[in-house]
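Notes follow once the structure below has been shown.
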Amino acid sequence: MRPYHQNETGDVYQIVQDAIQLDKLARQVSQPEDGAIVTFAGIVRNNTQGRRTLYLEYEGYETMALRKMSEIGATIKQKWAVNQVGIVHRLGRLEIGETSVGIVITSAHRRIAFEACHFAIDTLKKIVPIWKKEFFEDGEVWIEGDFTQLPTS
Amino acid sequence: MRIMKIKVLLFARLREIVGSEMVELHRNEIFTVRDVWDTLQAEFPQVEGFGKSLLFSLNQEFADLNTRIEDGDELAIFPPVSGGDN
Amino acid sequence: MRPYHQNETGDVYQIVQDAIQLDKLARQVSQPEDGAIVTFAGIVRNNTQGRRTLYLEYEGYETMALRKMSEIGATIKQKWAVNQVGIVHRLGRLEIGETSVGIVITSAHRRIAFEACHFAIDTLKKIVPIWKKEFFEDGEVWIEGDFTQLPTS
Amino acid sequence: MRIMKIKVLLFARLREIVGSEMVELHRNEIFTVRDVWDTLQAEFPQVEGFGKSLLFSLNQEFADLNTRIEDGDELAIFPPVSGGDN
């Protein structure tokens, strides 16, 4: 499998159609200066509020999604002393237990890595144009995020 | 009077309701995102209930109803995003 | 390589002498109910405040360390709706870039997983009897944690 | 009068200073952790400067200087812990 694509600062912002390999992403971005690596994996759960989920489908506005993912990384690097950022989102059909999004933050210090990683996924869920449709035994439903007035550029 | 052509990308539930991931609108006066949305509602009445919680982007940056549009801009309309974990 | 040892509740508390495989640990403890997996890896950094580190040696009071690691897991499961906890600490000589401690928290929801994982490493560094000695080019030094009055049982 | 034997586990810098990971102390009256620490200081004067920031455990639970000791207990003395990341 090909390595993830690191940009000129060594960070990874990528949209994929196949399985996310978070450990590979972490190994790729890590450096000798790192003291802490925090990762987040968003997983397709087998239920939503007790209703049994069969699978999910993710759709994205890919060019804008990549741009927004890079923006999140740039914000993180301004706010915190992180070493590297890796954000990979998968699109298409995902089965239960599969990873929809993987985030890696490396830093010299753990508190920074936790805060930045949490910020990354919270912000991704607000500004990165990706949507999911959940398939149940007896129907399907588009999941819509909370509507928030987003800053216009 | 010149007819402006605007291509509008649609995503997720909005795409399904309109039945297409891209629509081309023709109008002789298009100045803002609001004009596009009004035209879309006129051509596809089924989108009407959607209005209050939609997001707009122009050239891949978030926009609002008052954002001005130029010829050749990439406009997209979509519901609140829901990527990430579930 | 052998799987990590899961106890009767499916959680892992283990001390090892060889490389920690955090992805393997995560795969092993994850379940269809998970929506979020947060991992933390503590890494041997190549410097301490600018002074070049060659390697570290970790020493532990193993029986007590395992007991305290289980206690952290039990506290987490009382405080948060996490699904599984995995905490693995390595002892012996570690080179730059190697993982000294790996923590995995799985949960239906991400906020819980972040909070519990952060709590796990912060608490481990206070109550788990493990010590490290840092080797520099021109000497070695025992690292001692901050002294805090610990609760007696 | 009965002589009590107490085995004391030592770790990290304390272990290095004493030169052993386990010492056995003999005393005719040992009631608390403090008695053990006093005896250890008498036999190994080099540990003295350590006193204020040491931790004690009895049977793998944190203890303090006033914790009572019984025959057969596992006592350990060590510096503040420093595992995890660096």
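As written, the chains take the letters A, B, C and D, and residue 1 is the first residue of each chain.
Convention: a residue touches a chain if its C-beta (ideal position, glycine included) is under 8 Å from a C-beta of that chain, and two chains touch if they have at least 3 such contacts.
These numbers were taken from a predicted model, which means no experiment stands behind them.
Engineer: How many hops, at fewest, get you from subunit B to subunit C via touching chains?
Structural biologist: 1
Engineer: Counting C-beta pairs in contact, which chain pair has more, A-D or A-B?
Structural biologist: A-B
Engineer: Could you grab the centroid distance between subunit A and subunit B? Build each centroid from C-alpha atoms only and quote it in angstrom.
Structural biologist: Computed value for the inter-centroid distance: 26 Å.
Engineer: When the centre of a chain is set as the mean of its C-alpha atoms, what distance in Å lies between subunit A and subunit D?
Structural biologist: That pair's centroid distance is 49 Å.
Engineer: Taking each chain's centre as the mean of its CA atoms, how far is subunit B from subunit D in angstrom?
Structural biologist: 73
Engineer: If you look at subunit C, which of its residues touch at least two other chains?
Structural biologist: Touching at least two other chains: 35-36, 42-43, 45, 110, 121.
Engineer: Give the residues of subunit D touching no fewer than two other chains, as numbers and ranges.
Structural biologist: Counting only residues that touch two or more other chains, subunit D contributes 85-86.
Engineer: Go ahead and list every pair of chains that touch.
Structural biologist: Listed in label order, the chain pairs in contact are A-B, A-C, A-D, B-C, C-D.
Engineer: Residues of subunit B touching subunit C in their complex?
Structural biologist: 85-86
Engineer: What residues on subunit A touch subunit D, complex-wise?
Structural biologist: Touch list, subunit A to subunit D: 35-36, 110.
Engineer: Could you please specify the touching residues of subunit A with respect to subunit C in the complex?
Structural biologist: Against subunit C, subunit A makes touches at 22-23, 26, 30, 32-43, 45-47, 96-97, 108, 110-111, 113-114, 117-118, 121.
Engineer: Which part of subunit C faces subunit D closely enough to touch in the complex?
Structural biologist: 42-45, 48, 53, 56, 58-61, 63-65, 67, 89, 100-101, 121, 124-134, 142-153
Engineer: Which subunit B residues qualify as touching subunit A in the complex?
Structural biologist: For subunit B paired with subunit A, touching residues are 9, 11-13, 15-16, 52-53, 55, 57, 60-64, 67, 76, 78-86.
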